[in-house]
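First subunit A sits with subunit B, and in the next complex the same chain sits with subunit C.
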Partner chain A sequence: MYRGTDLPSDGLIAVVKRDCPTCVLTAPVLGDFVQRTGLAVYTQDDPDFPETVPGRIDDTMLDVSHRLRIEIVPTLIRMRGGQEMDRTYGWDRAEWERVSGLTAIGPDLPMSRPGCGAKNIEPGIIEKLKIRHGETGLASRRIELGGGEDEIEAMFDRGWSDGLPLVPPTEERVLRMLSGTARDPQEVIGLCPPDLVPATVEKIAINAVMAGCKPEYLPVVLAAVEAVLDEPFAMHGVLATTMYVGPVVVVNGAVRRQIGMNAKGNALGQGNRANATIGRALQLVIRNIGGGRPQEVDRATLGNPGKYTYCFAEDEEGSSWEPLSVERGLPQGKSAVTVFAGYGLQGVVDQKSRDPESLSRSFATSLMAVQNVKLAPACDVMIVVCPEHERTFRTAGWSKQRFLTRLHELCEISGEELISGAKGIAEGGPDTLAGKMVKKFRPGGILIVRAGGGAGMFSGIIGGWAASGARGSSPVTKEVKT
Partner chain B sequence: MSLLLDPTAERSPTVRPRLPRPEKLDGLTVGILDISKPRGDVFLDRIDERLSERGITVKRYMKPTMARPAPLPLRQQIGTEVNLVIEGLAD
Partner chain C sequence: MADLESRGIPSVGVATTEFIDAAAVQAKSLGIDPAYVFIPHPVQDRTDDELRALADVHFDSIIALLLKGNQ
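Let's turn to the complex of A and B:
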């Protein structure tokens, strides 16, 4: 049963558009139907088409097409008593004869021709129709802005922004964003701190719109949200700490290239929409859904610029090392995100080492400065190894594991150096450290990814949170599901 | 008119709430903004007297013209110097 009174309750209905060659082909048949049995023809694009049917009905607003759920034109439908009895689409003489109950139709036409996509399901149009017909299924509250109100300013005023302008989350944009996933808009991805509010796919999509994401980024955003809301990541603590950290998102697998992420030159910098907006969307989720705002529950002393957005892809192509997601247990080729509570970037400049031992020592010595040379064990770290540095390990046949093992060996400090007052620095540990060797990093506390441009022997260290591991935050990896 | 979807957990009203009205003025700094309407000063001077008698700190401001919004520097100055503002809207 169809709503509305303008649809004939009995007889034949056809939906066509001039832009479709198959519809043009069937125009004489439609004219013939009018003569023989009567027919209501709805035209999607040109009210003057088909000329063979004088009483054709203008459906350029596409409301009838939408109500009939037309997907292909031409579509031929037989109604009886207000019920649809049968339908066929495209041109197929036998099918049209079956549905219409007529014989010897379109004798000059070929046996069959495929139809064309209907106009009412085109992207950008289907969303408008769903809104007009009250079929969005969106549960979020609508906020009506005054006629004279500037949308961008209104969003700033409501406290939704991270400090930069946002894209207005209209129903149409949110619907289009949700087309990027098959997940139910009301599915709860997790409880979002600090308010511990259910973060639904729909709410996350709204924030992804505001961040500037494309619909195809949404699965990555959802995976990142799922990862930070996983208990081991301790998102509440990462937010509430006075330290610098925020979620750093590393993306692996095919999705990186599908959505055009940057893993190469300036991978950690500006200029790539996917990198920039996925990380931003995650931060907006924490701000708007969770209610986590600076100088409120976010107690960061300094924070870091990565708290606007900190997301990049690993450069897997040409690397001899397994991707981070594989090292962390996912099958090769699976798209995944790994979140790490991190901040900033400390450079590791080494333009002279050409053997892995020398380069490992360079990295290890640089790593000693993380947090403070007087502090060990320190926080977890993520090392971003540039391709020219990775090449040195590759040509020497060093696996990532061998490099990691060597780093842990080298990142060991004699307790005397760590004691409070040693080196004339009050910061440090107790006298009982004397005579001991102390590891700078806990086992598993060094993550390695490969990224960056082909030129430049400049790697980087992303520092972590002092409360790393079980007592605070552990990195979390999640598969990207569409 | 545009319609936006609420990105928050919907724990606050859609309309931006005003700051709550203070229960007492003790310890607060009150701004008095003269919008340059004729004789507005007569009324506002009296308010100033009454508040000052109660030991409340009062700061006086004046818009250059009633016909235009207060200039931005003046709004910023008021925003940083006082806890609440009283202004006379009509003559």
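Let's turn to the complex of A and C:
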């Protein structure tokens, strides 16, 4: 039963718009219905349409269309006793005859024509209607600003910002953001540190709005949040540590292209909306849901610029190596995010190596400097291999696994060199290291991603957190679910 | 610590004075009031002997906090 008194409780209802050729096509039929049986016609865009129906009803506010849950126009509905008995949409003579109970209608029209999208479900309109009809389903408290308040400044003043301006999370924008996922807005993705607050899809969507995300990025943001809130990632520790790290987000699979992420030139840099805002949304979630703020529970000594945002896509096309998500156990073709507690970027410049052994040694030598050459084992690392370096491995037939194995072999150092005081440096380990060979990285402690522009033999190392692995943070991979 | 205490295991946090604010913020956000002993900052670069001396200085106050309410 429909609320309100303006809907006829018996007879036929049609909802149309002039901007739909199929509606225009059926205008004579609607005029014929008026003559034969009576009909209430609601018009969505032009109160003068259809001219064939003198008593047409203006629904340019779309409230009736919304109440009737119209999705396609024209829609023809038969009511009895205030109940909807039947409906059809688009033009199909047999269907219209069935719903109307009339015969020989529209003899000059083709048998059928598909309808058009209804105006009341257009993005930007459906949200307004839900708000007006009290159907948002949003649980968050509303914050009213004074008439003279600048909304951008008001958000800074309330401490929501990472230091850059935010997009105001109006009900309309939050609803539109939520249209990016089929998940229930009140579903809890995890407990967000440091305050251990339930991170609901709705709360995450609000932060995605503030970060500047499009609705289609939301599933990636949700997967990233789910990943950092997974126990092995130890988000609480990553936040609270005095070290540099924050979550680094790597995206794999079809979603990269669907939302226009950058995996090529300047992949780790500025300029791509999806890369920039997904990573930012994740940081805002920790700040605004979890309450994690610098100089409070976030004790970073320096932090790193990636704590504004640190998100990029793997360049899978043309690579001979399996994507990171596949290496980490997800089926090929699944969209996924992997989070890694990392910081900064240390270059691996090698413009001379044309064989994989030489290039592996270049990488290994550079890797030994992570944290400090005097420290081993060190943190986990993520290596971002540029396409021109990957080509060297590809043409020599080196799999990713072979490269990894070689790196672990090469990243080894004699204990004597690590002892405190060796090389005139107090930093280092105990005397008991003497006579031992020490691995720089734990097994599984090197991740490899391929990204970057087609020109330039410049790869990168993203250093991790000293507390890598079971005693701190391990990388986590999650499938992106829509 | 909140987890330990909830299981009836007494706990005391030991941290350097640089973390007084952090401990207060975290305790407030979790709604707990943990026992803390704050020692001078820094500790990372101290020798083993210096660390032992530091531990000796604070040992009694740590034990006292662990036993507080049980005597």
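Odds and ends about this structure:
One rule holds in what follows: the second predicted complex is superposed on the first by the 482 of 482 C-alpha atoms of A that agree within 3 Å, B and C clash if a C-alpha of one lies under 4 Å from a C-alpha of the other, contacts with A are read in each partner's own complex, and residues count from 1 in each chain.
We take it that a residue touches a chain if its C-beta (ideal position, glycine included) is under 8 Å from a C-beta of that chain, and two chains touch if they have at least 3 such contacts.
Computed from a prediction, not measured in an experiment: that's the story for all the values here.
In the superposed model, A:Pro110 makes contact with neither subunit B nor subunit C.
Once the two complexes are laid over each other on the shared chain, residue contacts for A:Arg158 go to subunit B alone; subunit C is not touched.
Touch criterion met: A:Gly291 reaches subunit B and subunit C at once.
Using the contact criterion defined above for the overlaid structures, shared-chain residue A:Ile206 touches subunit B, although it does not reach subunit C. Which of subunit B and subunit C touches more residues of subunit A: that partner is B. Of the two partner chains, both subunit B and subunit C are touched by A:Asp195. In the superposed pair of complexes, A:Glu171 makes contact with subunit B only, with no contact to subunit C. Residues 195, 291 of subunit A lie in contact with subunit B in one complex and with subunit C in the other.
By the touch rule above, subunit A contacts subunit B in their complex via residues 138, 140-147, 151, 154-155, 157-158, 160, 168-171, 174, 192, 195, 197, 203, 206-207, 210, 284, 288-291.
Interface of subunit C with subunit A (complex): residues 19, 21-22, 25-26, 29-30, 45. For subunit B in complex with subunit A, the touching residues are 1-11, 14, 16.
The part of subunit A that touches subunit C in the complex is made up of residues 194-196, 240, 291, 295-297, 299, 426.
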